[in-house]
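Before anything else, here is the set of structures, which you'll find just below.
You will see two complexes here that share chain A, one where it goes with chain B and one where it goes with chain C.
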Partner chain A sequence: MIKLYDYVLSVNCYKQRLMMSILDVEYETVPVDFFPGWEHKGEEFKKINPLGHIPVIDDDGYILWDAHAILVYLAAKYDPSGRWYPTGDPGLLGETASWMLFAEGTTNTASAARLCINLGYDFDLEACQAGAHRLFRVLDEHLWFREREGREWVCSGAHPTIADIALFPDVVLSEEGGISRLDYPALRRWTDRVKRIPGFEGMPGIFPASQGR
Partner chain B sequence: MTADPFTLWHPVASEHDVPYRHVHHGQLLGRELAVWRADDDFVNVWENRCLHRGVRLSIGSNDGTELRCQYHGWRYANRSAGCTYIPAHPADAPARTICNRTFPTMERYGLVWSGEEPVGEPPTVDVLEAGTPFGLRNLPVHAPADLAVRHLQAHRFLPSDRLDSGSVAMSVEWADEYSVALTAATTDTDDGSASTAVFFVQPVDSGRCVIRAVLAETPAASDQMAVLRHHATELNALVARIEAEAALLPAPEPMVPVLQQVPLHLAEVPEAPSGRQAALRVQVRRKWETAAGVAAFELAPIEGLLPTFQPGAHIDVHLPNGLVRQYSITNGPGETSYYRLGVKLEPDSTGGSVCLHSTVREGDVLAISEPRNNFPLRRDSMRTILLAGGIGITPLLAMAQALDRMSLDFELHCFAQSAEHTAFSDVLDGLGESVVRHLGLPPDETVAEIRRLVAAPDEFTHVYVCGPGPMLEAARREAAAAGWPDDHVHFEYFKNTTEIDDSSTFEVALARSALTVTVPSGSTILEVLRESGVPLPSSCEQGACGTCVATVLEGEPDHQDVYLNDSDHQAGDRIMTCVSRALSDRLVLDL
Partner chain C sequence: MAGANSECQNGAVLDQWHPLGAIDEAEPNVVHVTRLLGESISFAVTPEGRSAAWRTRGDLAAGMPVDPESVAGTLPSRCEFLYVWTSLGDPPERSFEIPEFFEPDRRNFNACTIGLHTSAPRAVENFLDMGHFPFVHDGLLGSEPRTEVVDYNVHVDGDTNEIWATECQFWQPAASATATEGQMVDYIYRIMQPYSILLYKSCPAAPERMDLIGLFVQATSEEHCRGHMFLSLIDDESSIGHIRRFVQTIFAQDVPIIENQNPKRLPLDPQAETPIRSDRASILYRRWLSDLGVTYAVIPAA
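And then the complex of A and B:
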């Protein structure tokens, strides 16, 4: 069974829990005392991941770290339909890779702002918030045009991809980093759609959406 | 002279912003708004604040008829914003005066309009009235509205059918404080292509606004995406220029919205109601036969909105022939634009149902009481069993819809003579597999079925029964025999068939009113109290509905009602003053 080195309040760990819940993959978590214990920076944990960060998965001895890399692996291995990581469609695969890189940006701005406020990280909070607003403005416009085209997801396919999973937690928890989504109505509507994906599970601070009509 | 922005209509959302089952987060003149479309297409514009702990309602969930706050599950009804449910409230009956703040709403040109205290109607724009309005992408701007309006007058774009045009003349059709209309016309050809766009500027706060643009004519379907992209590009560039200028100006002080004061009628001690109240006037909007011998009525308010109600609630209906009858509200949660009743024709009764069936017609005006709930539904049990006999479906139908909407586990068993005798089949069909129909069972098989359904008591389940007397007696007997505690089995009687013995004479002392009266044989406690000027609400006045309850402090009641259960009767601490009397010489009531 997959072992996930996990911290319940980490957005990057939540991305893995969400993906495995949607793909109906069985896993167990190994809680890491991220805060206030800084266990991931300790010598013991660095034997598992020398970079000293979580999440890390151990799939029967295969060890992988980096949140967005793990999403690639999980979808490629455990989604027999091939839709979450669409290797069979080069155009869609390119879009997915592009938005995964965009999600690195939202993680390093929106989610970094959240770490400043919630866990006292010493980042430049104002720069993180301003950066998140710049990216959210782009993403809101992108999703607004997607809706006009009759599409629901970040990439142009009819089915969500790992890019939606990579972006969702950074966006939906942004208010914990002092980043209001008042100016991004299309982004807010997209979070409702992600919440309605079968198998969706939340984390503290994320509420379920109502049933669709 | 500039108009007071608080008396104007402003756009607060576009139609794209309010799909079903979503809550849009908006802001106008400094005040945050929760904007949501109900399944009946009414768009609600509310203060973005749960009355409970001030949590933003924009993170709540819109279930189509009600908005549910995410923190503690308070629910507010479509249209009226009345609070319908407080999870921890023991009686499942929040005061109907608990009401969120609402703002006027109107949809026009693909925009949702609202305002603090807007006068008249939203602006009418001739070019949009005459055209086929087409909404463009809205853009939030970090700059005051007046700065955006000034820049918009120099804004440029291309006619929808000439996005390749080399040379375009722009003209300002008009500009006022919150809107600008521009026409773009080609000058490099003789074809005279031109497009007009109206830009409405929503003042979000002193230093922020949203530009909401509407083209007067909808482009050809094949051009629409290109037109939308063209305008988004041009507007993005404009917004960058506006924000660059705003960044050089001193930031204005944010607006401070005035929070509503507690209304006077809530601040004062309410007048105690006495007797049967008929505070509301309603019109019969629709009357139809929902099952053999059962007429259904939709009662709509003559003006304003109807009060919120809880599942299980009933109203008094004052009939043209002078009778007053109680009928359960069958509506689902949040259905506030009308009350739907079901009335079975009972030709040999005293004339209430006959009058409703034969005399009352569509368009008639009736006086009704505010809803009252003496049959409350607990929404904190793991499972709920609803047993409906015939027209006894009415209160249970409201309960079933509420449980269904909250995704709580329930089963609704409908006992009826046949499918044709099953009222509100369309609503039952919508509840899917939770509904079980038991059709055409003879009395002994009905009893056997009830016995089977209540065979396994458990502390996490509650049972609600409504139907004819013999069925209720059977349910009461079978539930007791199976070992259900009294407080897990709830009954609603249509009427009290007990023969009332009013031969006793006794004294009633009122502890709080410092008054002692004698109740002679032939009179009820309720009547004597009312004659003595002690107000007490009542409804059915036959010991079935529970409205005229009083708390007993001393003395032994002579219970003759069917509202209280056996445990209540034994406890002897409550009495139905319309029929019950005293076995002791004296009763002391907490009145």
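And then the complex of A and C:
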């Protein structure tokens, strides 16, 4: 069974839990005392990941780290439909890769701001917040045009991709980093759509979407 | 004179002891910098657990090595109940007592320190509220439809001037890190000082004793704070990591609720927000803050 080295409040770990929940993949978590224990920076953990960060998965001896790389692996291996990581469609695959790189940006701004405020990380909070707003504006506009075309997801296919999973936690927890989403209506509608994907599970700080009547 | 050079001008708050950080998490003999009441405050601890705190200054920057006992011009400070405490005013000799803390079979540790964009008293009041359990902590501290807050007693202790809410009961599906089934849980709340609250809760491992969970809030400004989650548990089964995971899950569920309460400063005017019967402890807390003369991080009653 897949082992996920996990911290319950980490957005990057949550991305993996969300993906595995949606793909109905069985896994077990190995809790890492990330905060305030800094277990991931300790010598023991560095034997697993010398970079000293989480998440890490151990799939029957195959070890992989880096949140967005793990999403690629999980979707490629455990989604037989091939829609979450659309290797069969070069155009869509290119878009997916592009938005995955964009998600590195939201992680390093929006989620970094959250680490500053909640866990006391010594980043430049105002720069993180300003950077997040810059990216959110781009994403909001992009999603607004997608909606005009009758499309619901970040990439142009009819089905969500790992790019939606990579972006969602950074966006939906942004308020904890002091980044309001009031000005991004298309972004808010998209987060509600993600919450209604079958198999969706939340994390502390994320409320489920109200069930449609 | 107390408070003469402080940004906060509220004597009732300046004279309190305020937590700055967990002793165990502060590397000894190194300068640590944090904020308190709108000011930058530095502190350091010795390996033996003595401390010094001072208003941050250029010659002692964050991360620099320092012998805490050689620093001149320090503020009052003490290491107590897991944390380094300081005061920007004229603090009392003793802050509060936790006799249970010294029982040899207890495990005492900081579960987490989490920054919140709200005022310190809003954080305390949320901690005091049982009504939100089934809605915010569904499946852990409560579950619909069992939403009733049974009537409880609340009073100010005449000797210590602390608030006590007793005979609180709530049905909880997973009351602690070790719980395996739902149970009716007994609670006692105790507010020792304006921004510090302690909860006594039924202990699964020792039915005649109680676990202690404290929220000691560091008001970094009027509308920002850091919550230090103090634990004193009788539980020799669970790992510290497991307990922290449980407590931090609950804390993180509260974050969006607390941060969306507006205004962020706690209004003390009884007409400002509409309480219900189960809010009797909060009503008393707000009145008690008024009586103590607390004006920082609150909106005083007109």
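Definition applied: the second predicted complex is superposed on the first by the 211 of 213 C-alpha atoms of A that agree within 3 Å, B and C clash if a C-alpha of one lies under 4 Å from a C-alpha of the other, contacts with A are read in each partner's own complex, and residues count from 1 in each chain.
As a convention for this text, a residue touches a chain if its C-beta (ideal position, glycine included) is under 8 Å from a C-beta of that chain, and two chains touch if they have at least 3 such contacts.
Predicted, not measured: the structure shown is a model, and the values here were computed from it.
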- request: Considering only touches as defined above, state whether A:141 meets chain B (first), chain C (second), both or neither.
  value: first
Message: According to the stated criteria, A:39 is in contact with first (chain B), second (chain C), both, or neither; which is it?
response: second
Message: For A:207 in the superposed arrangement: first (chain B), second (chain C), both or neither?
response: both
Task: For A:28, select first, second, both or neither according to whether it touches chain B, chain C, the two together, or no partner.
output: neither
- request: Scan A:124 for contacts with chain B and chain C and give back first, second, both or neither.
  value: neither
Message: Taking the stated contact definition, name every residue in chain A that is touched by chain B in one complex and by chain C in the other, in rising order.
response: 207
Task: Provide the residue numbers of chain C that touch chain A in the complex, in ascending order.
output: 22, 25, 110, 112-117, 226, 240-242, 244-245, 248-253, 255-256, 259-260
- prompt: Mind pulling up the chain A residues that touch chain B in the complex?
  reply: 141, 144-145, 147-149, 181-183, 185-186, 188-189, 192, 207-213
- line: Residue positions on chain B within touch of chain A in the complex are 13, 16-17, 19-22, 24-27, 32, 39, 59, 61-64, 68, 70, 137-138, 140, 224-225, 228-229, 232, 236, 407
- prompt: Touching chain C in the complex: which residues of chain A?
  reply: 8-9, 31-33, 35-37, 39, 116-120, 175-176, 178, 203-205, 207
